[in-house]
Amino acid sequence: MTDEVSPSADTLGLEKIDRDEIDHSNGVVLQAEGLRRDYGSVVAVDGVDLTMEEGEFLTIFGPNGAGKSSLLGMLGGGMRPTAGTVRVRGQALSFSEHDWQHRIGMLSHRGFLYGRLTVEENLRFYGTLFGLRDLDERVPARLARVGLAERARFEVRQLSHGMRQRLSLARALLHDPDVVLLDEPYTGLDPSAAGVLRSVLGELRDGRRTVVMVTHNLREGLAMATRLAVQVSGRFAWEGSNQGLGREEFERHYHDVVEGRV
Amino acid sequence: MSTYLSQVWVIVWKDLVLEMRSRERIAAMGAFAVLAGVLFNFSIDTTTTRPQDVASGLIWMTLIFGGLLGVGRTFHLEAQDGALQGVLMSPAPKDAVFLAKTAANFVLLYVVSLLVLGVFGLFFGLDLGPNLGWVVVVLGLGALGFVALGTLFAAVSTGTNMGETLLPVLVFPLLVPMVIYGVGTTTRLINGRPFDEVEGNVRMLGAFALAAVAAGAVLFRYVVED
Amino acid sequence: MSTAGMRRGGTTLTLLGLLGLIALYWMAFFWVPTEVNQGVVQRIFYIHVPAAWTSFLAIGFAALASGMYLWLRDERLDRAALCAVEGGLIFATLVLTTGPLWGKIAWGTYWTWEPRLTLTLLLWFIFIGYFMVRNATEDPEKGKRFAAVVAIVGAIDIPFIHLSVVWFRSLHPEPVVARPDGPTLPGDMLVTLLFGVLVFTVLFFGLFLFRYAVEGLRAEADLRARSAA
């Protein structure tokens, strides 16, 4: 039973998930066990377990150096864990296999964009790498969604940071991944780009995608999340569901956790 | 399979388009080729040496040093934007990425090698005549082996603190067979010897190129893994 | 084999090797008959060839261990490769330092491009490359992987280098008279040569085992220090 939604100008064309493909282990989409990452003698991630079900939205807060980027890297398969495993819909992220990559979309602060390619060319490039066939329809639709349709022919190096982030977002979601990972997406965004991001994330959540977001932006992080976590020194020092705490309350709680009072 | 090919092709396309738009590497390599021809010309004492005798060796050395300029920066652009990570996190197999980058580098270097051949032919008064086709083939085989090793070790050296300066140290010892067979063959061909004489060496050059490409395709994934 | 056992094994082999070396020197310089064409000078051949041989053995061993390391990710395999490369470097350095000295005495030139010396020189650079790459990364795991690649590609290249250098040499005969290092050697010479190869191989593995055991201890100590921190 597949609902195909053809991309239109004002949606991301999010296809409903094909239920026949799913690993029916209680709708678990992402499962990480015992994740550990060392850099020589420095332990960046020290034993993290995480289970995410379909439609959950986890925001991870934490001070710099807590290992959040490394954790996200491992969840996305871009970084090999020193120990532990990651599974997406039951399938282990294996170094040598190539069929799990389209279930994951990653928005990194590094952009993954080529400065001298145009906006359109960047998307078409990644679309081809992901084996997508309908790029002629898909690319313009996605560009329109993030408000970059008029700049399709601009080289990326001519774009502002906010526009580049919007393009990175379109790139990350181009292949309709089940799991979306965002590493500090709100950093340095102008209000309009932030607005686009916010509405796209809202759509992801409504479309029952699974999202893990790392951010310093308390307001945005709390607004979207169904679950929250605070990562300190490579571990989840605190995690729980989003009870609708106000920003100030949570901020106090956050500082309590980070400073070890909880 | 067709996905694999389209993945390889799109990466080759991307590298060549980027190169055409920035002209960063081809300009450096092209300028080096011409200037090397000029300088080498002055470095030969024509009272004691015939240019034709040493031309072949100088052509290959120019290609190697110039090639290193270009190949060394294969991953430079992508390291800057973090774009290589994006490619590596895509479903494109790592060997496809390697083959694509090697192919793009090969195109770059081969174009430059034909330029070098032309420049040196002109400056050194070489009569390439009947064997020109074979010389072009030999240059191609040499370029392929060079580019395969260079791309693999460019990925290695870009990942170290020393960066591209490490590349010649790693690659030069490995290139000895290529230089020996390449120069040996080219000298004979330039001097009008029949192809049969050099056929064995050309095969070795081909075998070398094949081994380099195969080794690179297999080992690249271990180099770029994070 | 336990670490202590390995150390003991290594020490024993090394001592055996050293004793064998003394025997080899005697054989090479006193026992074996003088070669007709080159005279006394040729005797270095029985030391040089085996020493060079161990450095080739080293790269082959290192390449094998490196390949398995990349596949299985067992730290011990990486350590084995490291120790093999170290041993290879030592023997290659020996060949390269003694070779020119003898060359000067025997033929008046420090360096000739004869195939064995050339191959050893290039191998020496490959070994150096191994260490440079291993120590030039921020993440030590990356360095190990890079070094493994260097060892593997180096080993694959060796046959090509050998063939090309031999061919090159055939084009440019050096003033030095060709030496009798073909496959057909008269009895005593062959025995001495083979004994030399045996001795140096034993020496190599002795040093290797010893070094491997020490490296293992160091890794263990590192691990303890890390988990205590």
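Note that the chains are named A, B and C in the order they appear, and that numbering of residues resets to 1 at the start of each chain.
Keep this in mind: a residue touches a chain if its C-beta (ideal position, glycine included) is under 8 Å from a C-beta of that chain, and two chains touch if they have at least 3 such contacts.
Just so it is clear, the model here is predicted, and its values are computed rather than measured.
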Using CA atom means as chain centres, which chain is nearest the centre of all the protein shown? B
Sort the other chains by how far their Cα centres are from that of chain C and give me the top one. A
How many angstrom lie between the centres of chain A and chain C, each centre taken as the mean Cα position? 51
Averaged-CA centre spacing for the pair chain B and chain A, given as whole angstrom: 39
Quick one: report the Å distance separating chain B from chain C, using the average Cα coordinate of each chain. 31
Where in chain C do residues touch two or more of the other chains? 138
Multi-partner residues of chain A (at least 2 other chains): none
Going through chain B residue by residue, note those that touch at least 2 other chains and give them in order. 225
In the complex formed with chain B, which residues of chain A make contact? 73, 76-80, 95-96, 98-99, 101-102, 104, 106, 108, 110-117, 121, 125-126, 128-131, 155, 171
Under the stated contact criterion, what part of chain B meets chain C in this complex? 149, 152, 156-157, 159-162, 166, 169-170, 172-174, 176-177, 180-181, 184, 201, 204, 207-208, 211, 215, 219, 222-223, 225
Chain B residues within the chain A interface of the complex: 3, 6-7, 10-11, 14, 17-18, 21-22, 77, 81-83, 85-93, 221, 225-226
Applying the document's contact rule, which stretches of chain A touch chain C when the two form their complex? 38-41
Contacts from chain C onto chain B in the complex sit at residues 70, 122-123, 125-126, 128-129, 132-133, 136-138, 142-143, 145-146, 148-150, 152-154, 156-157, 160-161, 163-165, 167-168, 171
